[in-house]
Amino acid sequence: MGSQVYVNGKEIENPHEFHHHVAPKKQYVQVLGALLVLTVLTVAVSYADLGPLSLPVAMLVAAVKASLVCAFFMHLKDDDRFNVFVFVGTLLFVAIFFSFTLFDLGARNAVNDEQKTFEYWNDEAAAGNALKVGVDHVPEKAAALKAAHAGGHGDGHGGDHGDAKAEGHGDAKAEGHGDAKAEGHGDAKAEGHGDAPAGEHEAKAPANHEAPGGH
Amino acid sequence: MILGLFGAPKADMVGTEQMSADPWALLPAASTNAQAIDTLYVFITALCGISMLGVVGAQVYFMWKYKKPANGHRKTSPITHNGRLEFIWSAIPALFMIVLFAWGEIGFVEQFSPPPDAINVRVTGQKWDWTVEYPDYPGAVLSSSSAVPTEEQQKQLQAAGEWGEDIIDRKPTLIVPTGVPVRLTLTSKDVIHSFYIPVFRLKRDAVPGRYTTYWFEATQEGEFPLFCAEYCGDEHSSMIGYVKVVSAEQFEVELKEATKLEQKDAESLADFGKRVFDRGGCKTCHNIDNDEAKTGPSLKGIWGRSEQLTDGSTITADDNYIRESVLDPNAKIVSGFSPQMPSFAGRFNDEHITALIEYLKTLK
Amino acid sequence: MAHHPAHADHAPEPDYIRAKKGIMSWLVTVDHKRLGLMYLASVLFFFLVAGILAIALRTELFTPGQDFMSAQTYNKVFTLHGAIMVFLFIIPSVPAAMGNFLLPLMLGAKDVAFPKLNLLSFYVFSVAAIMFISTLVMGSIDTGWTFYTPYSTATGGAATMAVFAVFVAGFSSILTGVNFVVTVHRMRAPGQTWDRLPLFVWAIYATAVIQVLATPVLAITVLLLGLERIFGVGIFDPALGGDPVLFQHFFWFYSHPAVYIMILPGFGIISELLTVHSRKHIFGYKAIALSSVAIAIISFLVWGHHMFVSGQSELAGIVFSFLTFAVAVPTAIKVFSWVATLYKGSISYTTPMWYGLMFLWTFTIGGLTGLYLGTLSIDVHLHDTYFVVAHFHYVMVGGTVVAFIGGLHHWWGKMTGKMYNEKAGAIGALLVFVGFNGTFLTQFFLGHQGMPRRYYAYLSEYQFLHQISTIGSWILAAGLLWTMIYLLHSLWYGEKATGNYWNATSLEWHTQSPPIEHNFHDTPHVTGSPYDFPEIDKSGATH
Amino acid sequence: MSTTSHGSGQHEEYPPYLAHHFDTMGQQAGAAKLGMWLFLATEILMFSGLFLAYFIIRYFYPDMMLSAHEFLQKEAGALNTVVLLISSYTMAMAVRAAQTSNTPSLKRNLLWTLLCAGIFMVVKYFEYSAKIEHGMLPGRFYEAHYHGYELVGLPHIFFAVYFTMTGLHGVHVLVGMGIITWIYIRASRGDFHSGNYIAVENTGLYWHLVDLIWIFLFPLLYLVR
């Protein structure tokens, strides 16, 4: 038979016409031009301070660019409607995924506000008890890096665990970001290194897990 | 109990007088909330029972009525659908669903809006132990002691007729008064735990780095079990304790009594240390009667022993090392173990630690 | 109207099993039927492995204390049981094994749309399975099949390997899903319009849509989890600044729809079993077909009901609870329609029919107990207790596995060319029914009494119910073993199957058993519903 | 199911690129294209997880995100955007060439696309090496504060998200380069013409998706304040 094609249960009269659409060259050039212009616009917008609007505007421009690519480069404009349906349907499910999850996070604010979850973290950070950053979670590596950066300053403090003991848990926390800050400035290095023994302790629980009113 | 023959109860882990061997006796409705939830529970059960009866009844009737004859097939009906019937059996469940949703939602929302006069209780989960603090009563800290005797010990104790309250330092994990709302604020130090008190129909995850809240009002005095319901690792099954509900008048007295951890008159320092050890739940992770390692190293013969640390150095387990290991446990990890132990700083004072060291010296 | 297409003008052709010889002809085959059999053998193997683990768990729980497993061993065993059952047995069981075999046959097609992709999918699945098994020698995993953070980011063992095994298995699932959606859209026989599709095809189609839409999110979730373990990226781990509840959102966005990946194909099988063995047109074809699609879509909107007590905001809990009840309605419609299908039928008590009828009982219990868990205030009490364990085993085992075994009997002759023994089948069905209900019905009561799940030791008050449950599990295991034995026996000693041994009407019965390599001698043209038994019987055919 | 059988299963004239289980090239191309779109759907959903993670991290730590993103090189990102857009254009032209049976143009455009992809990866290489040099590494390898870079809050998460998103995207670019090379080889053999170009078109769809994802990645990671 050969000439009979059934798609979605219906006979298609002329199978060779099926999804065959050649767009003019000019159209592609125009689309590329538009995309480049929009790229310049995105970069330009990022220099203008739009405040809370900057994210929506950037996303809007990106969405326009994406639609151009989809419609013309990917031929969705002239494609089988079902392919369009697949694409749009996918975006719908992405939207479900995003909206429900973000909605939950937003709605959790009440407890976070009341318990000052994030304020508490910020306070802790200000007091030098922030979460540890990066290599600080790998005590050996952090110690090695500290030693490399502090040169010969560290000897006096090296294996002395006395102060770590005395201050107990609190000291293990102190090796957080505040400490790292000190590292950033040249003259504070030695002082920063003073905490090196604490740097070798991996406190299992992050600092902010203590209930604010509890201890 | 018919099948009790197959295996006698081995670990009577909580063993409070409220609990008997009767499998149906574990679940009194001991809070205001529990009573409301039980009403809804009965309603759903009735609904499900009727639906089940309808579906299975019709099925069994058809199975009997339209059985294939021995020879050939009976003439079957050409019916393919019935719009009205299908609408009815979509609409009726939909209506009941709305009722169930609304009813459940009301109960749920109530559980999240505590009355302003509630007692505040902070619950912190950590592997495999609950710490309960009463911010309104400074210094009042309780914990779930997971110090359950080993099977072997239990047998010995039972044989000696000594199996009883005074063997383990058994304290309630949570003490609450009747008739007064209690507000829980939960968090965790390591992984997610879930604070579950079946008799209050109460469950809330304790999430590290976040806080969750919940409230209840107990109505019935007694002692009831309390579980961790979110899988949290090796000793998940031992992360249990019990809640003691007392009258409002007795509450402060009981709380004071329960949170006390002091050396008694004529009690040796080592014996006191053993109570500290039990209270701390140390036995969950450390063996004391053999050399086998659990989550942490065995403490048998720990005092004076040389240990190799993860950084390659060796250290002698002296008073200072033990003290450090209690207050800042992850400072020096014995080779072959991972930093898992929580700090006891703030929970144990110097007296406790001194007693603990004395006790550890006796473990030969 | 020809009931069997006339094959008189064709020379006899060897069936697909004998068409080509040699082990290589199997290893590089692109024949969907051979791939279906290969999947079938693999999933049955994993069912056996995970089943043995389950029996070990139940036996350990026979007494309240520790018997022969330490806590660590118990945790590893229940994790392996769950993970193997979910990722290597239930998810590929009906879609990949039976779907592969039956879908092109039911569509009157020569093969699936992308046969080579199908082969690739099988090998991807095999790689995932090998990775998973390799965790056994790498220290095993103890996270539970849900991989909740931060437990899973910190625990030792081979969790990273297991997580990447799930990632790879996900790709197999995605490829199969893409293949099936395209096959249903583009490969149907002439005249086979959407309302002439067998309901099994509808169910597999809805399943494939979920596989395509949900599995990628699982892939990225486990990828992030793996990266969290290797690099400590700090998205899920609170110790690094992440949010553990976020992981649950990510995980359940896949895993709730995945529950429907597991059960929808079971629905499809049941629709076939109940009609064929009662010789009755399915009641409410459109309602059943569309409710499959409705369930597939709504399943993406309800994932938060796994998180009512997990630190999710209560507002989100309320929304998710409402949507959860919305999924109950299409499910109820299906159950009612199946029961109505029996009305004025002519019910033969064959083994597949016993499983079909058993499904109506077990799945109805599974569905109804879902109402307790969807109800917010009650879920607070029942969450993470044995009630939940019982509920999902009623749906997964009482639903999917029962349907799977029923379908296996129904199409056994079609797949292998041999008939099983009916009497043996009935005994097996009875054992499975008694054992299954004994195991899991008791667990509802345990859960209501407050018995938390994943405990290897428990309060002695729970012992009585636990012991009934354990004894039930032994009976269930005996039933399944018995089933395995007589099915294997039939391969060598069974009667030869005829082309249409149930005298059924959908297209897979229009070719011989087992089918020839290219399925049909002539492209079938469809002119009516796949469930026109009364019409056929009226036209004189009696059996 | 009532059926009738008619016609013969054997096709007298079977086009060389038609697989046995399809009836016509049209059916085959339609199936392949639908399959490709479904695959793209899975890609979109997979990346959506990363985008969601990004938005959530941003929601938790807005200051950190703002401070950390300043350390990415906007110019490099912009250059890469332009390069990818051009490659998308050349890919579209390649598909058009295949549609019109213009093999020389097809090959030329494929080469241009490959070149752009190569430039993209080279730029990415320099960006990555700079980040590694400065210790701005993901997660627990983050050590920029030991290199004298002061970032607010928990920047290791930002760089983890940055490396994961651009890394996964980079893997897609590499895979795309492989596929384009393969298509180029097949084009050299003269496989593609107006009657058989679905492989080129599907490669194009994949390549445009890679571009599409970058269109969103660029403003989110490099630009947004």
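Chains here go by letter, A, B, C and D, matching the order in which they are written, and residues are numbered from 1 within each.
Everything that follows uses one rule, which is that a residue touches a chain if its C-beta (ideal position, glycine included) is under 8 Å from a C-beta of that chain, and two chains touch if they have at least 3 such contacts.
Remember, predicted model here, so these are calculated numbers, not experimental data.
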- Message: Show me the overlap between the contact partners of chain A and those of chain B.
- Response: C
- By C-alpha centres, the chain nearest the middle of everything shown is C
- Inter-centroid spacing, chain D versus chain A (mean Cα positions, whole Å): 20
- Starting from the mean Cα coordinates of chain B and chain D, work out the distance between those two points in Å. 50
- Query: How many angstrom lie between the CA centroids of chain B and chain C, rounded to a whole number?
  - Reply: 34
- Item | Overlap residues in chain A, where contacts from two or more other chains coincide | 4, 6-7, 82, 90, 93, 97, 101, 105, 108, 111, 131, 137, 204-206, 209
- Message: Could you pull out the residues of chain B that touch at least 2 other chains?
- Response: 190, 208-210, 212
- Numbers and ranges of chain D residues touching at least 2 other chains: 7-8, 27, 30, 34, 38, 41, 44-45, 48-49, 52, 56, 60, 139-141, 154, 156
- Message: Taking the touch definition from the header, please name the shape of the chain graph: line, ring, star, complete or other.
- Response: other
- Item | Pairwise chain contacts under the document criterion | A-B, A-C, A-D, B-C, C-D
- Query: Touching chain A in the complex: which residues of chain B?
  - Reply: 122, 124, 126, 133, 135, 185, 187-190, 208-213, 311, 320, 323-324, 327-328, 330-332, 339-343, 345-346
- Query: Which residues of chain A touch chain B in their complex?
  - Reply: 108, 111-112, 114-115, 117, 140, 161, 164-165, 168-172, 200-206, 208-209, 211, 213-215
- Item | Residue numbers on chain C that touch chain B, as the complex places them | 62-67, 71-72, 75, 142, 144, 148, 150-151, 154-156, 238-239, 242-245, 278-287, 308-311, 314, 317-318, 321-322, 325-326, 328-329, 332-333, 335-337, 339-340, 342-349, 357, 360-361, 364-365, 368-369, 371-372, 374-381, 383-385, 445, 448-450, 452-465, 467-468, 529, 531, 533-535, 537-538, 542-543
- Would you mind writing out the residues of chain D in touch with chain C in their complex? 1-9, 19-21, 27, 30-32, 34-35, 38-39, 41-50, 52-53, 56-57, 60-61, 138-141, 154, 156-157, 160-161, 164, 168
- Query: What does chain C use to touch chain A in their complex?
  - Reply: 185-186, 188-194, 196, 213, 217, 232, 238-241, 243, 245-246, 249-250, 253, 300-301, 303-304, 311-316, 319-320
